[in-house]
Amino acid sequence: MNFFFEVLIGGLLSGVMYALVALGFVLIYKASGVFNFAQGAMVFFAALTCVSIVNRFGLSLWFAVPITMAVMVLLGLAIERVVLRPLVNQPEITLFMATIGLAFFIEGLAQMLWGAQVQRLDLGIEDVPMESLLNTFNIVVSRFDVMAACICGVLVAGLAFFFSKTKIGRALRAVADDHQAALAVGIPLQHIWAIVWSVAGFVALVAGMLWGARNGVQFSLTFIALKALPVLILGGFTSVPGAIVGGLIIGASEKLAEVYIGPMVGGGIEGWFPYVLALLFLLVRPEGLFGERIIRRI
Amino acid sequence: QEQYVPLLSYRVGPYAAGGTGFYGGVIDYFNLVNMNGGINGVKLTWEECETEYNASRGVECYERLKTRNGGASLVEPLSTGIAYGILDRVGADKIPMTTLGYGRSDAANGKVFPYVFPLITSYWNQAAAMVKYLGEKSGGMDKLKGKKIVHLYHDSAYGKEPLPVLEEQAKQYGFELVKIPIAPPGNDQQSQWLQIRQANPDHVILWGFGVMNAVAIKTAQRNGFPREKILGVWWAGSEEDTTPAGDAAKGYTTMTFNTPGNYPVLDEIRNKVYAGGKGNLEDKTRIGSVYHMRGVTAAILSVEAIRNAQAKYGKGKTMTGEQVRWGLENLNVDAARQKALGAFDMFPPVKTSCEDHEGSGAVKVQQWDGKKWVAVSKDWVVGDKALTRKLLEESSAKYAAEKNIKPACLGAAS
Amino acid sequence: MTNQTKESPYLSVNNIEVIYDHVILVLKGVSLQVPRGGIVALMGGNGAGKSTTLKAISTLLRGERGDVTKGSVMFDGQRIDHLTPNALVQRGLSQVMEGRHCFAHLTIEENLLTGAYTRRLSRRGLQDALDKVYHYFPRLRERRGSQAGYTSGGEQQMCAIGRSLMAQPSMILLDEPSMGLAPQIVEEIFEIVRDLNSKENVSFLLAEQNTTVALRYADFGYILENGRVVMEGEAAALASNEDVKEFYLGVSGAGRKSFRDMKFYRRRKRWLA
Amino acid sequence: MYYREAGQFKTSYAADSRIFTIRQDRTGMLLLCLVAFVLVPLWASPYTFSAILIPFLIFSLAALGLNILTGYAGQLSLGSAAFMAVGAFASYNFVLRIPGIPVLLAFVLGGLCAALVGIAFGLPSLRIRGFYLAAATLATQFFVVWCMTKIPWLTNYSSSGVITAQQIVIFGYQFITPASKYLLTLAIVSAMALLAKNMVRSNVGRSWMAVRDMDVAAEVIGIRLMRTKLLAFAVSSFYCGVAGALYAYAYLGTVEPEAYNLDLSFRILFMIIIGGVGSILGSFLGAAFIVLLPILLNVIAHALSLPTSVASNLELMVFGALIIFFLIVEPHGLARLWQIAKEKLRLWPFPH
Amino acid sequence: MSAVLQETGVPPATARRTGEVILDLKKISLSFGGVKALTDISFDVREHEIRAIIGPNGAGKSSMLNVINGVYHPQQGEIVYRGVPRRGMNTYDAARSGIARTFQNIALFKGMTVLDNIMTGRNLKMKSNFLLQALYWGPAQREEMAHRREVEKVIDFLEIQHIRKTPVGRLPYGLQKRVELGRALAAQPEILLLDEPMAGMNVEEKQDMCRFILDVNDQFGTTIVLIEHDMGVVMDISDRVVVLDYGRKIADGTPDEVRSSQDVINAYLGVAH
């Protein structure tokens, strides 16, 4: 039983980490109806930039983070100007493809600027079991994970507030529905996109720092997007709370499945299990748990 | 006179860190040889092609580069996928391929794979050596009885490769083998390490690659699993694997086929190549790092093979692929030669033959002290070679049957 | 009207040419003017280029891979062809697009609220603006909580018009406002147009197929065929033109003909001939 | 001679329904076939065959398969590599376990196995749409590759999970040289491309497109969604399966399941989007773009003798930037660009 | 109220040949969540007649058509089609048994050419399987050609020969409507449901459209159910009219009867005609 809880808690905390990455996707999907393939690359870029500023110029993290944030904002502005603006009102798949091109570009840029080395990022939070829990319940829960979960919670709350309480939130949903009409009613698509990509850059930075501290800042940060996808489809592409709930469900069930079902079938099922789970969910609710219902009407 | 070597390198993508280090080492050593007057006056030339560690692009690079500059003398793709992709081609093109510490273990049988050279050691020998080391550490092979060893592996062809050896040895020595796969890329291993904590094994063999290694080390720490009990493979034993894990990696041990440390040849590279502005690494501190040293080792063995071939086919001449193949098959880099090269004990002595394209099978164990790798033992570890020999005979025979190959030694080039 | 045209027109389109997709030439030199406080109707058959003209003015063409390759558009004395649609809305030029284009996932009320995006309004002000629209379209108030995607065609049309009113524009480009609306509502919409025009001095450029109604409410009209203006004039003059009568009003010499009695062989319009 | 249809009258519907209605196009196609089947084998170097042409053809076939599913039937999929894997491993097992089976038959059977898997994984498409479906098809990708590594029978108990494709022998002729493998691949690919073209211009194709463009309306017309979508999945997977088999047999020779990883799926998706979604020609253009451009960039970078570490990253950036550039110039892909060029040519020298 | 109607002096449509009841709708009720789209509606459609459905926006007209061809399933009521009673249709069966339709918001297949769009209309009549089609040979090709011939007849009939090979997305609205009609006609239906086929057309185009509808009705004896907001059209060409308001039926009868019903005037027409 103890073990079960251990796995469950570990899974939930991992799920929060996935949700963090999924959030970046949600933002951009909400704002433009586009699945942003470059999100993983942005996570990598942000983390690498931050850590390289620390390592190369010997600045402290307190300086590096704002500088990186500024870089991410610049990146967001540039993406809006160069990529999105000329592609207003194009089919989703075109924009999707553009983000693929963007992913290549950002990956190349990051490594050209900062090199391909694997680097270490120390946030000063120790990644060790919490003593109190270990001693009293013999359950292992990492201090780092708890910390990460808190940060993630704050972020989600903030974003949820941002989207539900500001008029930008409503405008975003409008844009995602119909670019052309959004333009016609005077929604400044360009500003909105610049803002959203910058916020997505910020989320990428947070995700990059936390994941980077965990796994080292290296190219494979771009792959954590793969962990975020099932979270995304489960929670719904358009929902901030969906990302977190989806994350928790995926995280917990994936770990439980690996531990309890895995051994029966040869293990290593974590790669596909979340996807199959999400798929099953989708069969019941094709728009994810909290996604906007897809309107099909004639 | 020039001797041309195509370099199927990768400097972008997930494995870029390893690629830049390894091919940096190769190029650094080639430059050094050229600065010292080449191989009996024959200068080395090379051309690089970015493979991105992708089999299809690797094949294209191979095909593109193989006929350049009068023809390639040997290739080293440093990627199992690419190695498989060009396995048949190198035979047809008569260009020898070296695969240091990866690729098909059974390719050590030169009768079936005349053009493939898994020099120094292969996965099977590594696995056998790991068991040997763990046995010795426990105070004798008989002490392994009743012990529990977890094989925590990258869930792919790579991670499954050592299973026959491990299973065989588990039977032989009576230890329990627990197999836990990790779905690639292995970004998150919480559940596996909880399982390990639950099983409470005596040892964990970490058969990982890429990001999986650092994550494993960190997750072990976070679950309170002592890192001294973890033994990594050599693809889990570079600075790139330990640095990100920070303090969590202190005391972590892995296999390697280089003895960590400094060597005259590395100094020479620093003093001649880098001082002359021809160094290939952007970051000079990486000289002598694990991947760099592996690159230098691969380059030394290649150069020695060419030198060897020249001794037979004419000093100061450009060697053909066939001739280099002979050079590789009759390589003998013993301690004396290593000393002469300024690389004494940097890698185990290598002596190849038609039956044994591996030439050694010896490995070392190294430990991360928080800043650098240090050798745990003075001696090279060699596992149960009889067992691996048996396995490789079986496996290569099966391949030969599938491919309609009549096993035979090729002998000298005409 | 005539004295209004003397002063510089509020909106003027000067000889514009539009190409879609780099190859399809659609507008071949269209010029038109809308005086301040005027209601101008743009008429013409299917594919004449009415919607294209309106989109060229509101710079929404870019999103459809169309390009204005010649000519200029002036609004309130300034060139606007390089502005963004959002800047135009801020200057008071707003467009109701053909085919509704409501935000399907937003409720009717949210749709209306997005219409006020460019305005800085207090909660009260917003409510007043909403009430004004609901006053014009009571049906919308009833359906305010429904997602626009699930409302009927006519309701969506009202929503689209209401949405653009929320921006409190000084000039509205209306593309086929009557399409899909019940006759009663059509009449109401044009009353609203007249109302806004007279009370708030809003200018209108309407592309309209329902020529009968359009000419009744407009001051001035242009007839577009094949990407060219083929006829223009005071609304009254157009309404009494024989050709216009036959082809756009459906009345010929003998008065209105029943749709049932339309003959296969009848006179077809040949403006260009 | 101008490129023009003036003076070419069609006197029957059959003539009007031809693949190439304009005479110049037909001549062009004929010439292209002539070049591909006769001149290329005479002139090309082994490098061109085995490193460029063969993979180009194989990728074109896979892209064609995906294009049928995504471009014509509108079901976005990220699992094409998985279907390729099924095709390859199934063909391998057929050849291995049924002695004397003709290789071509094994390819077809391999394709059919892929089609079955495709149908199974296509079932969710009845309810799930768009990016949700795309993300869900990743399940296929991971699950199939996982199966390949987990079921030793599939790899004939090879310890590493690697299979070595058998020799291709047809009527006693051994396809060993790159040129012969090229011709075989070319023949298969052209035949299948022709079949695909026929499908998309007849009723099946129209049903696919109808479902893609507006499924509700398609239903009202009497098109059965389930059947149509599953057929698209089946046909598409069949194409991918055959491509996968060729990838193993005519190209790499020895493959591990990892060769059919997500990366490959993505590359095939890139091909159809760059080339043109919903265009047979686009599949070929896209494959050429994705296969050739990196090679070209690589060659250029090295010709400029840039420092290698910079060159590789620069290549990646230029590649990404070019993708974006092409999308901005023409969102409907290279095929559409080609079409516009032809339209302009038809009007030439008049601008409109 | 409408100027057009005031000018008319056209006699009402004379009673024409109509046959048995082919479609009988009994007490149909349909609601979406809280919205009652249809309440307890019954009416019938006779063979060969032109049956119009009118009513204010959001009255439930389109929903009615959706019920008839199985897009919506009514919560209550029964549909008797050709004597077979059923709870509701499904789209496939409806299409099979000869019900074709057009949509209010054009539902053409945007990426396909006009020809292909119309060809899809013949989908149900195609017999050869996909393998034969892939070979495009023998029976498959012959079948394809035979259907092509039928489709060309439709194209000729609708006079859209010149745009045969144009992708429908590029066509102006009015022509798209015509193509949509063509797609429905290609299926050679017994009942044709038309949802506002004349929205967004000018008089001349409406006249064309009326002629097409009447010709289909005359020549092929196709039964037509028509939704339209243009009263001139409805009154001229329909045999019987149903009037819906807020999901309820408020009148049913010949155009004349409906025109003079006070309920209808209040709810829809606004003014007596």
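Order of writing sets the labels: A, B, C, D and E. Residues in every chain begin at 1.
Heads up, the rule we're going with is that a residue touches a chain if its C-beta (ideal position, glycine included) is under 8 Å from a C-beta of that chain, and two chains touch if they have at least 3 such contacts.
Per UniProt, the chains are A = Amino acid/amide ABC transporter membrane protein 1, HAAT family; C = Amino acid/amide ABC transporter ATP-binding protein 2, HAAT family; D = Amino acid/amide ABC transporter membrane protein 2, HAAT family; E = Amino acid/amide ABC transporter ATP-binding protein 1, HAAT family.
If you're wondering where the values come from, they're calculated on a predicted model, not measured in any experiment.
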item: Chain whose mean Cα position lies farthest from chain C; value: B
item: Longest centre-to-centre distance from chain A, chain (CA-based); value: E
item: Whole-Å gap between the CA centroids of chain B and chain D; value: 36
item: Chain A-chain D separation of Cα centroids, rounded to whole Å; value: 32
item: Whole-Å separation of chain centres (CA-atom averages), chain B against chain C; value: 73
item: Residue list for chain E, restricted to those that touch at least two other chains; value: 71, 103-105, 107
item: Set of chain C residues in contact with two or more other chains; value: 24, 150
item: For chain A, residues that touch 2 or more chains besides their own; value: 107-108, 111, 115-116, 266, 268-269, 271-272, 297-298
item: Touch list for chain D against partner chain B, complex; value: 45-47, 50-52, 55, 142, 146, 149, 158-162, 164, 166-167, 251-259, 263-264, 294-295, 298, 302, 308-309, 311-313, 315-316
item: Parts of chain D lying in touch with chain A, wherever the complex brings them together; value: 76, 124, 127-132, 134-136, 138-139, 142-143, 146, 149-150, 214-217, 220, 262, 266, 270, 273-274, 277, 309-310, 313-317, 319-324, 327-328, 331
item: Complex contact set, residues of chain A against chain C; value: 88-89, 167, 170-171, 173-174, 176-190, 292-293, 295, 297
item: Complex contacts: residues of chain E adjacent to chain C; value: 1-4, 7-11, 13, 32, 35, 55-59, 62, 104-105, 170-175, 196, 199-208, 210-211, 214, 229-233, 236-237, 268-270
item: Residue ranges of chain E in contact with chain D within the complex; value: 69, 71, 91-92, 94-96, 100-101, 103, 107-112, 116, 119-121, 123-124, 126, 128, 130, 133-136, 140-141, 144-145, 148-149, 152, 183, 187
